[in-house]
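Report on one structure; see the data block that follows.
Labels A, B and C are assigned to the chains in the order they are written; within every chain, residues are numbered from 1.
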């Protein structure tokens, strides 16, 4: 696949500056450019690389002002970052999709398989399971009995979908992710704990993407529910009975304890912890490593463990370093004040 | 499977209030009740749902006082939460267990397989491995050479039991969990690190449950040992040479560094970290995201990173938000005191 | 395999003290010694066990002074810890390596397989993939299309190497680890997020070891790169476009966000978090549960979240417990000072 600067400009409604016949067959970061590669420049921090890059074509913002001559051919567009995302998507969509059902897969006779499905070697499709059209099931995936996956979804290697669980349309599940393991529920008993069976399910709505080795537990009753368009990074833990609103994004290693309700359009940084049985509003932002212990209304920016409003946290964090000085000053003040009182008392005697 | 209110009451030694012939075939949360479903009410926070629920039968505590008429048939029991656990267990036990050995599994000729074992497609049982009676080995599980699993255990999809490791009776290992990967041991050398071989094993005693993608490392020598009845949630890390006492419970994403000794009947919240080479007493409680850096005696409730007695932590946490004010006040006090001293000095001159 | 004290001493250039014919066939911790076992004593904390151990041979440091008679035969060496590592490595190297290609593996006809390779049952080797000489591929491993693994590497059960990714020579990947899942990149759009395709790769240089269920994401363009000799423990997350310098070590459950650059010869404790787009110098030490939010020069010891120089953190951590007292004292001082001012004012009226 080779594209010329004028073809790219036509696709992106941009303007060529340089050789319209310059052509590229791959992508590269601007600081690692090579002849035949397309790069982009969006963050002004990287401006200096524009004048040194070996890339043949660079996408730049329409309003960029050049400070030196440039060897590469430029394509000026409204928004270089969005444009590169469009080109990458185009590039991806031109790759041939995996197709066909491997004779090495184990597919139950009672399973329902849609049109143009890919099922790789050693995949297991359980009894009464359903796979939608054009969905791709990579090697070693297990779809449990009675589980279902919608259309146009992509389940990478070693994904487990437990019995009865549901995956929507256009979902992506990365390698090793687990949907529907038992929620963590035990009743204390005399000789040890008794397991509380988890007879509910776990469900991903449409357009959900979950990262490698991420776990979404099945509920005790009813369902654990991950809303439409939610994106979970790698190694995330979603406890049983949790509900996550639409288009919420959680970075790697975040954890949500059982029965928490998370709002829509929220963003959670890496390694965040959210307590069980609480409710969070929509449009919440929460910084990395924070711990949210109670219900919070939406629209806030939270930080810290326990989490607090970001501005309060920032001020406290600065002063934390000054604590030893504060402690010393406080002790000195006490002494001084005591001395002063003694002086005054003396004077008045 | 359909049950009437009087059958349920008989099983639980409860009393019917309403239609003894009311029948159910499924379970539902009280706030999501549907006709034909059984719900329970234990937490008073949810009392209001009792008067609106569509569930046909609701289990309630014997002493609940009704404030309005109720449409559902009630079954009054001593403890509604324990009773629902009993019913769920009954329900689960009536499901047919998976049985039979898939012709698609790879089982070493030297392995010993017990009675009524289930082994799913693409499972691998290594040389001299042993599987106890009635144990269920799901698809894609690997049991390494010389490893053993006791009776009545349940190993879900993609579980790995490394060579020589041991799983007890009545254990549950969820999808993707790993028993016996190498402990993290390296000796610094000139050109890099040299690996210290980990020739010990990892062992789960009876009645242990470990969550999806949880890892328990093998020891350098001897064994890493997870005691009887221990429950580990998803994505937990247990380092090499660690020992965990009976019936201890650890929530998701907790981590225990090498050679730590953890007591019995303890509870650790999510994302807790425990340092290596320390000893913790029995009946310890530790809040989420805490970090325990040194040995601690049992019977305490710890919180924070570094962890401290919970009451001290709670008071410090409140004051952390006031730090900026404290800092300001301290500076003002210093000024005031200096001014006062100057005044007094003047007066005395 | 049985060895005598004189054989061991010859191998380690040590001296026998006791019976040169004493023989051992296994290893044991000194506190768990049994007849026929070899133990070592390095940490003085464990000295007392020397006089009670049932082990037949104990490696000790050359300068150890005995306080009582010892039943075991001693072998005195320069460094008992390094010596045991050497013996363990010797012991490991004598185990027969797995060999041969299972007829139950699925290997693409276009793949290139080196000499003396082991490929276990149900492994999948994709189109145009390359496996180097003597490399061992355990059951259920997937090597994606166009991916490559060097020579003398060891990939345990359920490892996933995504398409196009690269593993060096002498690498070890533990069970369930994932190389090359998509980086977490999305562009906000009106109805939800749009995925930014991740067309780069992830690469492990030579001598890298990564732990069970650890994830290293592929980059948007170019590569995510884990340098020579790096050791990552279990459940670690490495985001897209990250670069890690040589011989850096990261303990379990650490996380590195996208595009961070980590130096060489650094050590990170468990559950550490590192923000994206920052640069860390070489020889950095960072304590467990710390959070590094900005670029830091090398050679430091950091601690806390947000991370600070270790000494400052230690002092602040001590005073954090005193915060409630400080707060109370501050309020008292304010009152006293006000009272004092009033007194003085009165006196001067």
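The rule is simple: contacts are C-beta pairs under 8 Å (C-beta built on N, C-alpha and C of every residue); 3 or more make two chains touch, one makes a residue touch a chain.
This is a predicted model, so every value here is computed, not measured.
Q: Look at both sides of the chain A and chain B contact and report whether the same residue positions are involved, with over half shared, or different ones.
A: different
Q: If I superpose the C-alpha trace of chain A onto chain C, what rotation angle comes out, expressed in steps of 5 degrees from 0 to 180?
A: 120
Q: Provide the C-alpha centroid distance between chain A and chain B, rounded to the nearest whole angstrom.
A: The mean C-alpha positions of chain A and chain B differ by 25 Å.
Q: Two or more other chains touching the same residue: where does that happen in chain A?
A: 122, 140, 158, 176, 213, 235, 253, 271, 305, 320, 323, 326, 330, 333, 337, 340, 344, in rising order.
Q: Contact residues on chain A for chain B in the complex?
A: 106, 122, 124, 140, 142, 144, 158, 160, 162, 176, 178, 181-182, 184, 186-187, 191-197, 199, 213, 215, 217, 220-222, 235, 237, 239, 241, 253, 255, 257, 271, 273, 275, 291, 293, 305-306, 308, 312, 315-316, 319-320, 322-323, 326, 329-330, 333, 336-337, 340, 343-344, 347
Q: Of all residues in chain C, which touch chain B in the complex?
A: 27-29, 32, 81-82, 85, 88-89, 91-92, 102, 104, 120-122, 138-140, 156-158, 172, 174-176, 207, 209, 211-213, 228-229, 231, 233-235, 246-247, 249, 251-253, 270-271, 288-289, 305, 317, 320-321, 323-324, 326-327, 330, 333-334, 337, 340-341, 344, 348
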